[in-house]
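Every chain is named by a letter (A, B and C) in the order it is written, and numbering of its residues begins at 1.
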């Protein structure tokens, strides 16, 4: 049996009196597309924040490809191959789209020489998300949907083993979402994808497995059909969402 | 990015240096002396700009790095009998060490706290200089003898007290730091600094050790400012505690704001502009502090991007 | 003099320093706490208060007590208006951006300093104390005026505290401090609160200065030390905490008084400056403060 890419055990995080993530045991196999769903404030963003190191846990451990990364600073985790795209669009607004992606690319290059390699890598990532013709535009002047795509390109260009996407389709039009689903499928050929998503059709199309959070706890996990059939989930989430 | 723009950018900077060299032969005495001083102070401003303009860290204590170079070389000449090159290097080393220590401590803070901490460290250095006035000369300062400011290489000797030599030496320093800055800001490191300025959290999540990058920026900035300080001591032969005062932490900020933060040539333009404005104004009034004050307020209110920042925005987009 | 009385004297001097410092620092702390900006020109508001006190007392030229009382009313009002004006003309337009504000208040510092130099001159000038009663202690006589400065400052601090905790104005200020957007949503006129707080901060500094001029003369550069010391007090006391400010002012005032009586004042300042920088680096919430919300 192959070893999981990521496992967390007993992972918790308190904010004051509030337990945003409560004793989460979670594991992710390489090559998977995993969706995390759950109502607003369920602790999804906090959970992936713990995984990528933006937030430190109150207790519990995190394991990535066999190594304990619980106390590793965020930038070291990124170097190990955990890339994170922000829920709130967080591109460098005053830098060109090209520079945004180039920042990712240049970090992955170990030889300090070739300017050409940064250029090739950056343009490849921009092409992958369909923004190559916008390379020179300041990121802040791109349309909102394009900023989201740029955000994904920045994650992609890090050549991660695990790409974490926090509500990437939020604010995209239906047409854009369709292209996006195709893009994620393509990315998943090389990387494991962990995606937080509220848009159910997207989740059902993409995810191999789904993990459901509610008030900080993992309440269910399974393939899309199982989750659809799960009464507890329907009550906590789907019921609420579909009225 | 492309070959053509690289040539254009370096060409522009080389042209600026060439014009400044030509001015050595053209300027009348008074302005010749003023320009030599401005070139050294513009170097100080360039060091400040690297940290403030590019990395986005607003320090209110950069006088300490200028003073580190000034006293490092001045004291080495006066008490250790160092020659000019060794004294210059002593100044650089002092600046680098001070910047390293200050950086390791001050970078634990950010924003307003960073400004106050840097200001306090600079104040502490000033008080140290005053406290050891037996050696530093305190407020009076020290005058470096002419004999100690002559560089001997083999049989030839270069006398830094001769105006033309002084001008050219100042220009060499300026040019070296200018091209070093240009190379840095166009490098991958420079891109990371700008990214930190724009959004530190995002930069960290791209896998960069932002602390280490900021520390490197402080040390480089400290070394440039110390180089200016050391050159000031060697070229003008005076080392005084007023160069360590708050005023000399504010002035580089003013020069950079006026010329345009995060532009390579902005510090030169800003220093020139402010220096001449105060110089002209002081022939009408002694109230030069008033002019500095009004200039600061007008700049933050109406021209936060400075002269070259505005030029870049309107006309010359490729300006680095 | 024996060591005991010497220490008592140093303590009394320290208390006077602490009293004036607490008022000045409170002004800085209020402005920082509510508006989240650092006013580098705060020391100049202090200086302006002292210079105006001299001007008012000299212009009236009658009984010292009359001149002093007039100064105590006029100087803070004028300084408050200057602060109000600069808030309106400059800070508001900068939208209270912390960095731009620092640069702008540095500009203000230079302007006020230069105007004082041009119109008041480089001399240090005294103001006659309103009364010259001396309290006779067994070992030495001590200025009754200095003791009354301590008392006056204590009263003003208590008054400010009451305003902050017991009145509607105080509530509005604290609400603005806690969350600007939320306050706006509750129809609190945030801009007016800011203007008021900025003026109040300046007035506290001016009042402190009027109290101190009969002891240490008015001079156009006298704003620098109070600024630095106020920073120190505000940082050690924890930003925006009234109690912390007073405790820290006592600590700094007393130790400054005592250390500079026994050691070199430069060394005392040097140590204090470094100590404060370290506090800011390792305990940014101050020695007495708790982590900001």
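Following the convention adopted for this analysis, contacts are C-beta pairs under 8 Å (C-beta built on N, C-alpha and C of every residue); 3 or more make two chains touch, one makes a residue touch a chain.
Treat the numbers as computed from the prediction; the structure is a model and nothing was measured.
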- Chain adjacency by touch: line, ring, star, complete or other shape? line
- Message: Taking each chain's centre as the mean of its CA atoms, which one is most distant from subunit B?
- Response: A
- Specify the chain with the shortest distance from its C-alpha centroid to the centroid of every protein C-alpha atom present. B
- Task: Looking only at C-beta pairs in contact, point me to the busier pair out of B-C and A-B.
- Result: B-C
- Note on the structure: Cα centre of subunit A to Cα centre of subunit C, whole Å, reads 51
- Between subunit B and subunit C, what is the gap in Å from one C-alpha centre to the other? 34
- Averaging C-alpha coordinates per chain, one finds the centres of subunit A and subunit B separated by a number of Å equal to 43
- Task: List, in ascending order, every residue of subunit C touching at least 2 other chains.
- Result: none
- Per the touch rule above, subunit B residues touching subunit A in the complex are 1, 188, 191-192, 194-195, 198-199, 201-210
- Task: Using the touch rule from the top, collect the residues of subunit A that touch subunit B in their complex.
- Result: 52, 54, 73-75, 78-79, 84, 86, 90-95, 99, 102-104, 106-107, 112, 118-119, 154, 158
- Message: Per the contact definition, I'd like the list of subunit C residues that touch subunit B in the complex.
- Response: 38, 90, 93-94, 98-100, 102-104, 106-115, 117-118, 228, 231, 235, 264, 266-267, 269-270, 273-274, 276-278, 280-282, 284
- Residue positions on subunit B within touch of subunit C in the complex are 58, 60, 105-106, 108-109, 111-113, 115-117, 120-121, 123-124, 127-128, 130-131, 250, 253, 257, 287-290, 292-297, 299-301, 304
